[in-house]
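Across the two complexes that follow, chain A remains constant while its partner is chain B and subsequently chain C.
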Partner chain A sequence: MITEIGNILLCVSAALSLCLFSFIFLKKVINIDNCFHFSKNISLIILISLLSSFLLLSYAFLTDNFSLRYVATNSNLTLENIYKFSAVWGAHEGSILLWVLVLAFWCFSIALFSKHIPKKIIVDMLAIMGILILFFLLFILLTSNPFDRIFPIPLNGNDLNPLLQDPGLIIHPPMLYFGYVGTSVPFAFAVAILINENIKSEWLSWLRKWVMASWMFLTIGISLGSWWAYHELGWGGWWFWDPVENASFMPWLAITALLHSIIVSEKRGIFISWTILLSILTFSLSLLGTFLVRSGILVSVHAFANDPERGLYILVFLTIVIGLSLLLYFVKSSKLITYSNYNISSKEFILLINNLFLTVTTFAILLGTLYPLISSTLDLGKISVGAPYFNFIFSALTLPIVFLMSPAIFSAWKKTNYNHLIKKLGLFFMFSLIITYFFLHFYVDVENFIVFLAIVIAIFTILSSLYKLSQTRILSANLISHIGIGVLIIGITISNYYSSQHEVIMKKGANIAIQEFQIAFNDVKNKVSKNYTSKVGIFDLYDNKDYLISFFPEKRIYNVQKNIMTEAAIHSTLTRDIYVALGEKVNDNSWVVRIYYKPFIQFLWLGAILMILGGFFGIFGNLNLFKKN
Partner chain B sequence: MNFRLPTLSIVLFLGIIYFLYTGLDKDPTLIPSPLIGKTVPDFKSTDLISGEDITNKELLGKFYILNVWASWCYGCSLEHNHLMNIYKNNEIDIFGLNYKDEKNSAINWLKERGNPYKNVIVDVNGNIAIDYGVYGAPETFIINEDGVIIYKHVGPIDQSFYNKIILPLMKK
Partner chain C sequence: MKITKTNKKRIIKILVFFFAITSFSSILIYALSQNMIYFYTPTQVYNSEAPIDSNIRVGGMVKVNSVKKINNSLKVNFTVHDLEQELNVTYTGILPDLFGEGQGVVMTGKLISKKIFLAEEVLAKHDENYMPPEVADMMKEKNKEMFNK
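The block that comes next holds the complex of A and B.
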């Protein structure tokens, strides 16, 4: 029954999304109010129908219905209920279903919160969303149907990939998808604007909230993924420049650029054509990300589905959708009225540089990610580009952007008095130099120019943003996120340059010193759980001989797939993490143990939280402190 | 600006699509070896167990497997049983290249798990491995009577390796 109902729901949604698309033509013959009314209701029905199919699939998982191939390959009787639910999006078919569900959610939201926008723009946007939904539903129905049957019905399932059996991984994909798919809103907007050849600044301020929402979800998704990698993979790292990580990072950079260019277009009526192009590019990058993840054409730790047929479908889709919209842009962009006079000493000029750097960074990362493909196609040999390239590009291109944050905050639109600005910011910069100097001396001995520069710029940004905050007394999106970026950079820099690590063979009863701490390896015990057995290491942490805490890193072997998973044990304070991971067993008495000392890594998560908070204020309005009433 | 930007983006877009398309039917995990079809590089080292000198001259004229391994390498422990099975069949010699390893732990490793190797070439610094274009342990080369590398496998080998790869190559 589930197979039939599920397929019917998907087909009905597909038919309705085609209806939704047809209003792009029907609006010429039907009254626009009616068009809007119909479109809105249709998008609601699509949302309900897709949500039902999603819930149906969840029900199949929770009731261990192994007659569905997808459930049989990704669940197991012994799996905990929460993971049975998250297994719904644990593999290809279900996660594409989640993709399209989120798309339907954004589609209906556009219809719901569209008071200030002309109805013909909204109808066009919904039509574009409709065609996107249709494409993804056809993709599901033709190549990756989660409701397909399996025969004979297995008695038990093949279990969820153990890597995904982690609390962080329950919410990471949905958050990421909300962000990824959210880029379809500016895309639909851009196409609608090009079709109608008209744009107004209040529409842009409406669009900004959507972009902000998508940016916030992407930030949440990426930070959760990073946090998970740090806790789960047992390598002590949180970012690996893996193709799939880059696939989420490129849209993030593009949407960050978009967020800034929208502000300029909104306030000054310039860069409009660029904002439109950037909206299309952002969505292209998010489709490209989906393609990279789903086709398996690059080697990645996220080795999900390696299926060229599916890859081909997404590629064809990507080519059609993006190709057509670029063509539309090619034809129509000159018809949008745009003013292009601006002064070098103005906020818009700084934001232009910001956009330039962010775009170049995005393309540099794109080039690095696709390089293995390019070089093997051109017969240059099989070369992949590693972390040194990305780290270099990233720090060289990002630090100038961050440095420009403070002047951007304090400068004015149209024309800024530079003398005044330099005096004020010069003072902050001097302060930052002094703070950084003492800070680096107090915590670390090594003096490294890049580290010094990065910390100075980070502290400069934090100080000037805090000052602006104390002046305006408004917790605004930009100030909070900029402080977040500053905090993040401190975290990245210090933890990258001053971590220490030991990868050693330890005998039971042995001690090892790292920084001012000692770690004693007591024993390894067996633990049996519902769907895995594990070796649990017992370690004690001492701070100069004073006992602090015991550590229990685990090495799990999952019963069904026999995968080995590392669960690192971490003791965190604000300024440092001590991280212990259990490696291989050498003999009965000794084990390979990985111990990391990571200073300031908590600043990473703190910075991310501030950025997310900034996004939140950006969507729901800035919080005015000391409001009088 | 108004005409250049759209054109540039369309050209860039088509270029990317082309590379993505060509990537679709390639296996990204396949690592080609530039040394296939070439004679093995010269080396001079010692045997792990006996401590005697060993060079590539001693290996000439045989059809053999060269397996890069180390006691610290997890993948090597996974493939070790399969190597032992090949050794027990007694149809082809296996030589080991002990890659960036400590002598004692390497010897203990072989004592615990059995020694499938006719000789183990010591490569403490990984210099020989560089000449062979080794990415990491484990890696397995198949070399013919003329001392020419005819096959290379990256990562642990499995049960099918002997039947599906080695035997057909031996019969040629």
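The block that comes next holds the complex of A and C.
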């Protein structure tokens, strides 16, 4: 039954999304108010129908309905209920269903919150969303249907990949998808604008909230992913420049650039053509990301299955979408170009530089990610691009952008008073130099130019944003996010350069010192859980002989797939993490143990939270601390 | 020809633009060329196609019964093969959870000599159905060759 109902729901949604698309033509013959009314209702029905199919699949998972191939390959009787639910999007078929569900969600939201935008534009936007939904539904129905049956019906399932059995991973994919798919809104907007050859600044300020929402979800998704990698992979790392990470990071960079260019377009009426192009490119990068992850051509934790047919389908769609929208852009965009004068000291100019650097960074990461694929396809040799490339590119291109944040905040549109700006910011810069010098000198006691530069720039940004905040007394999106970036950079820099680590063989009862701490290895015990058995290490942490806490890192063996997983144990305070992971057993008395000391790693998560908070204020309006009514 | 003020401005703009583009792209290409790591099979290493003492990647299947741990240290020696040739690998550190004999690995490191590979990083497969694509391709080709013989 589930297979039939599921398939019917998917087919109905596909038919309705085609209807939705047809309004792009029908609006010429039908009254526009009716068009809008129909489109809105159709998008609601699509959302309901896709949500039902999603819930149906969840129901199949929760009731262990192994007659569905997808359930049988990704779930198991012994799997905890919460993971049975998250297994719905744990593999390819379900995650594409989630993709299209999120797309339908954004589609209906456009219809719902569209008061200030002409109905003509909205109907076109919904039509574009409709064709996108249709594509993904066809993709599901033709190549990756989660409702496919399996015969004979297995008694038990194959279990969810143990890597994915982690609380961080329950919400990581949905958040990421909300962000990824959210880029379809500016895309639909861009195409609608190009078709209608008209744009107004109020529309742009409306669009900015959507872009902000997508940016916020993407930030949440990426930081959850990092957080998960740090806790789950057992290597103490949080970012690997893995192609799939890059696939999510490129749209993030592009959408960050978009956020800034929209502001200029909105306030000054320039860069409009660039904003439109950037909207198209951002969505293209999202689709490219989906292609990279789902085609299985990458060496990655995220590449689950290798199916060329699926890859080809997305690749063809990608080419059509990028090709058609760029064609439309080149034909129509000249009608949107406006000119206006601005001085080199103006806010416009700084934001232009910001966009230039962000675009180059995105391109550099794209190059590093795609080059190995191109080289292997053209038989130029199998190569990989090392992390040093990305690290170099990223620090060389990002620090200038962050440095420009402070002048950007204090500068004015058109032309800024130089002397005033330099006097004010010079003072902050001096302060940052002094703070950084003392901080690095006393706290970590190591001299390194890049570290010094990065921390100075971060503190400079934080100080000037805080000052502006105290002046305006408004918790505004940009200030909070910029402070978040500053905090993030401090976290990245300090934790990268001043971590210490030990990989040692420890005997039971032995001690090891790391920084000012001692770690004692007591014992290893066996633990039996519902779907895995594990060895649990017992470690005590001492701070100069004072007992602080005990650690229980685990080595799990999952029953079904016989996979071994490392669960690290971490003790965190604001300024440092101590991270203990069990390696392998050497003999009955000793184990290989991995211990890390990571200073300021918490600043990473703190910075991310601030950025997310900034995004929140950006969507729902800035918070005025001293509201006078 | 007289250079007007607007023309002068335009020329400067174009020059700045070109300067920016060239400097950005040369930095990118330089950084990329410095960090490209090539992949070799054990057979290619045997045929001296791989450079000695520079960063490369090597992949293959871990030979059964070849993993030898050195007592009281994190050092481990093992052999990888591609059905045709073998290569000895030495590595110091913790092996990934999914590392095992008879399974595929991809390693980054340097050749100390034609016979010994010093691995700095060892990547193993991610789940039971998954094999590093390089190794999968390589094994597919080798199997085909063997079959044709």
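The definition used in the following text is that the second predicted complex is superposed on the first by the 622 of 629 C-alpha atoms of A that agree within 3 Å, B and C clash if a C-alpha of one lies under 4 Å from a C-alpha of the other, contacts with A are read in each partner's own complex, and residues count from 1 in each chain.
In this section, a contact is a pair of C-beta atoms (placed from the backbone, for glycine too) under 8 Å apart; a residue touches a chain by one contact, two chains touch by 3 or more.
Note that the structure is a prediction, hence the values are computed from the model and not measured.
Superposition of the two complexes onto chain A shows a clash between chain B and chain C. Contact with chain C, but none with chain B, is seen for A:Asn161 once the two complexes are overlaid on the shared chain. Touch criterion met: A:Ser273 reaches chain B, while chain C stays clear of it. Once the two complexes are overlaid on the shared chain, A:Val360 sits against chain C while remaining clear of chain B. In the superposition on chain A, contact of A:Ser67 is made with neither chain B nor chain C.
In the superposition on chain A, A:Ser333 makes contact with chain B only, while chain C stays out of contact range. By the touch criterion stated above, A:Leu281 is placed in contact with chain B alone, chain C being left untouched. In the superposition on chain A, A:Asn198 makes contact with neither chain B nor chain C. Legend: residue contacts after superposition of the two complexes on their common chain; A:Ser52 is shown touching neither chain B nor chain C. By the touch criterion stated above, A:Ala396 is placed in contact with chain C alone, chain B being left untouched. Once both structures are placed on chain A, chain A residues 297-299, 381-382, 584 are touched by chain B and, in the other complex, by chain C. Listing the residues of chain B that touch chain A in their complex gives 2-3, 5-7, 9-10, 13-14, 16-26, 28-29, 31-32, 34, 74. Within the complex formed with chain B, the chain A residues making contact are 273-274, 277, 281, 284, 288, 291, 295-299, 308, 311-312, 315, 318-319, 322-323, 326-327, 329-330, 333-334, 366, 370, 372-374, 376-377, 381-382, 584. Interface residues of chain A, counted against chain C in their complex, comprise 161, 163, 234, 297-299, 301, 303-306, 356, 360, 363-364, 367-368, 371, 381-386, 388-389, 392-393, 396, 503-505, 561-566, 583-584, 586, 592, 594. Taken together, the chain C residues at the contact with chain A in this complex read 20, 24, 27-28, 31-32, 34-39, 55, 57, 69, 72-74, 93-95, 97-98, 106, 123, 126-130, 132-134.
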